[in-house]
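One chain, chain A, appears in both complexes that follow, with chain B as partner in the first and chain C in the second.
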Partner chain A sequence: MAVEKTSTWRTIALYVGLTLAAVVVLFPFFWMVVTAFKQPGTAFSPEIFPSAPTLDNFKRVLGDFGFGRYFVNSVIVATTAAAFATLFASLAGYVFAKKQFFMRDRLFGFLLLSLMIPGMMYVVPQFAIITKLGWMNTYKAMIIPHLANVFGLFLMRQYMMTIPSELIEAAEIDGASERQVFTTVMVPLSIPIIATLFLLTFQFHWNNFLWQLIVTNVERLYTVPVGLAMFKSAHEELYTLKMAGSCISILPIAVLFFFAQRYFIEGMTMGAVKE
Partner chain B sequence: MSKSTAMALILLVVGLMVWGCGGGDDTTGTLTIWQTYNDEEHPVFKEMVARFEESHPGVTIEVVRLPFAGAEPKIQTALTTRTEPDIARVDVSFLPKLASKNALLALDEYVPAEYRADIFPVALQSCMYDGQLYGIPDQTNGLCLFYNRAMFRAAGLDPDTPPATWDELIEFGQRLTDKDEGVFGIGLTNSLWWSLPFFYTYGADLLSDDLMHCTLDSPEAVEAFQLKVDMFAEYGIEGGAWRAGGITGDVGFQNGRYAMILNGPWAVESLKRTGIDFGVGHIPAGPAGSHTNVGGNDLVVFRSTDKPELAAEFLMFVANEENQRNWALTLGQIPVNTKAMDAITSEEHPYLSTFVEQMQTAIPRPPTPFYPEIENLFIPEMQAALDGTKSVEDAMRTAVGEVDKLLAGE
Partner chain C sequence: MTNHGTGGDGARAGRTWSLTKHARDNLTAYTFLAPFLIIFLVFLVYPVVYSLYLAMHQVPADSFDVFGGLRFVGFANFMKLFTDVKFWWSVAMTLYYAALIIPAGIAASLILALLLNNRLKAVAIYRSAFFLPYVLDMLVVGIVWTLIYSPHVGILVRIFESVGISAFTEKGFLGMPGSAMPSVVFANVLKGAGFGMILYLSAIQNISPSLYEAAAIDGATSWQRFTRITLPLVKPITFFMVIIGTIAALNAFVEVYAMTSGGPNVDVGGRALGATWVTGYYVFDAFYNQWRLGYASAMSYILLALTVIVSLVNRKFLGADNT
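Moving on, here comes the complex of A and B:
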């Protein structure tokens, strides 16, 4: 009995704690949604729920502010970039994990070194290359510079190293070509980490602000974060509109997480430890 | 060859050179402008651009709208690769930085003195760097005292008489403060820019005239900041709006927590929409009178432009009397052209006319390229003085020491 009692108390304490934590974590989202329905200029009024809820913010964001266009741009950029970055990282990860070649580990170490350079350092040289290529104001400029993702390569390699080489040998004995080994053995076994990497890169590109702003000079190519920044001027911030825009902007990430969270959590823990 | 033929030839050659340099393409073609106007201003600006194009056949103006927050890094990145536009709209604090890096075209030869005489002097001064003109202001603003008339009435104060001096402000503040209810006389922001009215009303300067030394450790400056500290610590009329996690001035004013705040003309329209009964008064006077600081934006031309005359003409167009009158009336902002100032009457624009009056005694920031850095050095020291971990004298001396090191290039 006594044992059972403590465990009940523990469960209760645990749930109370988790509920409190959930409230803390979810409050900003709650505020975002509620504010999106408030009248302009009343974002900080004391009432929690708007006394006169309105859809105007959403209408204006999608209408006058052209958020639909920004949204489409963001989807194009983030999806393409995440798909290719994940593809390249998994191909390279496979080679670095399972193939022997001259200076392999040194080369890998050298690539890792580039992770130590702060991302901001790349902005100016990359921008210089983009302008030399005449790629200003194109989707290419927003996507291509980020396709070689060393962090992704690292994640893939570490994970693929845990896949037993015997499986590859078995497939080869059965007559599998190099490509078949990759597509029928490596990829299916790496799905959790591939999903994780896709999600992380998608999120990175979805949130990327400065680069997308720097390489575009036309509003029709602006992405969601650039559009959101428009609501802040020197002294004022149009919170109700910004929150309506934010509600729209979190949709894809929320949907992706919802469907991929099983892989994602699995991937995070599995990639973390390498035996 | 006779002398006169040689002379004619020389004249011809020189003439061709001059014609080749100055004429031809300069008055037609495309000008690109990067601007950061907000949502209300953008359409008005576009309309202005359309009228300029109409009156200048063959000229196209490509307008790129940037978010305010990303404009400076974008301009800096573009400058490294020479892909900057012809014209940009920049914050007044960014102009000296660009000018000091030799990125801007000096406009002295393009902007006639008669034209300059019409521009509001305080705003024009924000375009000067090293004695040269590097831009035309397109927007200028300063701070005034906003006060909640309903709260004044409830405290038995005259809702038409905001405090005229700091002493009065403290007296009024004590009557307006109700600590148990969480209601305070005033809410103040902690930053150098937001503290400048305190310094200026005590006669303290930010930098020495040669811009090489910070002078905010003067007795006047210490006294001025002591006042700000005392409002919180001694008199208890300031609600700690400057604290991390504190209720900011804007929010507290809207919710009736703070009866007074300092704010700029940009806040008028959104406050009107909330339905609060509020008034605007001048910055309370100190020993040196009532002075606001100055903010705003300037239009600048980059040195790389191939159409300097046309670009300068566009700048002068934006700030001309007609456009400024229209801008002020449509958007309720302070015109930068003095000829358009009469558009703001106290009957029709009771709030804005107070700002226009206040701007007459405004004091612009010194034209140092290091203003943002100076601001960052002062904020933590001011914070320490406000929360009582340092004396004002100590905090000011430390900050001034840091700033002097920065200015000396150490």
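Moving on, here comes the complex of A and C:
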């Protein structure tokens, strides 16, 4: 409904509506931050802004409860996984977009079919494989099983198909090897989608709580969400600390979203719009 | 990169050494594909097969060698599932979850999209605000909501009391069988609405303004314009929302883990069953808490079957709709 003549009253009503909606949608995060700054033991005080705000909760969570360590683990796992998942998806996306090869279309259909499989289905057998490989309680167990990102491959292929093949042919005539074509033609021209996929896979791994819970049972390898879940069951009542841990857990993604929201929104909705 | 004509040279050159080029292309293609394909085969294809193998085995409870002591039991796990009240209850709860989250998610997404579909200065800021929760961690969101939903002193209980409703004070929103599932769904809808909002917004903005102008000339009210023009034209998005809502219900786990652990219990014919005991959570519970790997695998196969059915129904409807 494109608005032709927007009356003042209508504008006011819309702003009120938008603001109300924002308050409702963001309230949990607001409450989380507020509670994290409350004095320990006063998590349930109804004051909207703490009268005596404190950083104690953050200090204790990061120091005494090991969230500093968990944070480092999360950064290691999410960064490594995002880098390799993006690399593998761009290598594969390139050949699906630009090469003719044996079984190409069938293989692509088969890959897409796997998107249908419910995630819960993988939990037990993947755990079994990790156990058999002797990878329990290692970074590689947290990272490697999720490096084949089919949705990411799909995004890459769609994007790379729009790059003119003439550019590749020109580079080949100039004597570029296959690897050079990829690194000097495809990668520079695909930076927006590479950035998008890196952010999306980083976000996925940062939030991938269930898998990391399953393959780690030593505290030194916990990621932030796993640490938070363990903390939740061990100290049910320490809500100010739990909220401080929660803040730490979502901060990196919130910051990334703040600076790169266009990539997040486009990347996440691209597959759906293509339907 | 210099431009070598229109690509005709390349095509002709290709034909002259086509055989070797063909073989070489295949080799290059599969070299580039190798890292992705190896991971895909080992960690995404093989597990589906191995899961079926596990579903036909039982892990003895006292086995120290996790997967060495597997005992073949054939279809026993599946047979047991069919007589497991807890399992059928979980399927019912999954359907209940879907029945709540699909309409609520669609309504919330549509409302946000309609609000944003106006030429206002701050629209971009609101759009970001609505989308932000979608990228954040469900576990954290769930934990924060357990605080908000807390009994006696939780903020929501206090707000309800201030308007004279004290029904939730004693046990909190997540502690009562009647309100537990709607509360889990509510938290999830607020987190996810930004995604549907973007889809609806782009669909609405693709509708030609002339349709609304013509309707306005014919004297249609804005409600009529919404129900007769907007709704029918965003139907593909609505359909998509139904599908992803169903898939989300079949996969629901983290929100339940974070907020209710499947509870609170309801007495159904003398049996204690969890009011938020969805199938995804049962799979986790059978695996992680009870160490019944075969049983959990069998259950995940039923989840797969349900997902395939949903997708087939979807394809049938979508096909009928678009062609």
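Note that the second predicted complex is superposed on the first by the 217 of 275 C-alpha atoms of A that agree within 3 Å, B and C clash if a C-alpha of one lies under 4 Å from a C-alpha of the other, contacts with A are read in each partner's own complex, and residues count from 1 in each chain.
Methods note: contacts are C-beta pairs under 8 Å (C-beta built on N, C-alpha and C of every residue); 3 or more make two chains touch, one makes a residue touch a chain.
The shown structure was predicted, so the numbers you read here are calculated from the model rather than taken from an experiment.
**Student:** Looking at the overlay, what does A:F44 touch: chain B (first), chain C (second), both, or neither?
**Tutor:** both
**Student:** For A:A83 in the superposed arrangement: first (chain B), second (chain C), both or neither?
**Tutor:** It touches nothing on chain B or chain C.
**Student:** Applying the document's definition of touch, where does A:L112 land relative to chain B and chain C: first, second, both, or neither?
**Tutor:** In the superposition, A:L112 touches no partner, neither chain B nor chain C.
**Student:** For A:I163, decide between first (touching chain B), second (touching chain C), both and neither.
**Tutor:** Neither: A:I163 stays clear of chain B and chain C.
**Student:** Could you look at A:A229 and tell me whether it touches chain B, chain C, both or neither (first, second, both, neither)?
**Tutor:** both
**Student:** Give one of first, second, both or neither to describe whether A:Y15 is in contact with chain B, with chain C, with both, or with none.
**Tutor:** second
**Student:** Taking the superposition on A as described, I'd like to know which of chain B and chain C A:V123 touches: first, second, both or neither.
**Tutor:** Both partners, chain B and chain C.
**Student:** Between chain B (first) and chain C (second), which, if any, makes contact with A:P28: first, second, both or neither?
**Tutor:** second
**Student:** Answer with first, second, both or neither: which of chain B and chain C does A:I214 touch in the superposed model?
**Tutor:** both
**Student:** Between chain B and chain C, pick out the one touching the greater number of residues of chain A.
**Tutor:** Comparing chain B with chain C, the partner touching more chain A residues is C.
**Student:** Residues on chain A in contact with chain B in one complex and with chain C in the other?
**Tutor:** Residues 44, 46, 123-124, 127-128, 131, 209-210, 214, 229, 232, which sit in both footprints.
**Student:** Help me check something: in the complex, which residues belonging to chain C touch chain A?
**Tutor:** 1-4, 6-7, 9-10, 25-26, 28-33, 35-37, 39-40, 42-48, 50-51, 54, 66-67, 111-112, 114-120, 122-123, 126, 128-141, 143-145, 147-148, 150, 153-155, 158, 187, 190, 193-195, 198-199, 202, 204, 209, 212, 222, 225-226, 230, 236, 240, 244, 247, 250-251, 253-254, 257-258, 280, 283-284, 287-288, 293, 296-297, 300-301, 303-304, 307-308, 311
**Student:** Flag every residue of chain B that touches chain A in the complex, lowest number first.
**Tutor:** Residue list for chain B touching chain A: 32, 34, 36-39, 64-70, 73-74, 77-78, 80-81, 83, 91, 250-251, 254-255, 264, 266-267, 270-271, 273-274, 295, 297.
**Student:** Mind pulling up the chain A residues that touch chain B in the complex?
**Tutor:** 39-42, 44-46, 64-65, 123-124, 127-128, 131, 136, 209-210, 213-214, 217-219, 226, 229-236, 238
**Student:** So in the complex, which bits of chain A are touching chain C?
**Tutor:** Spelled out, the residues of chain A in touch with chain C are 1-3, 6, 11, 14-15, 17-18, 21-22, 24-29, 31-32, 35, 43-44, 46, 87-89, 91-92, 94-95, 99-102, 104, 111, 114, 116-129, 131-132, 144-148, 150, 153, 165-167, 169-174, 178, 182, 185, 203, 206-207, 209-210, 214, 225, 228-229, 232, 239, 242-243, 246, 249-250, 253-254, 257, 261, 264-265, 268-269, 272-273, 275.
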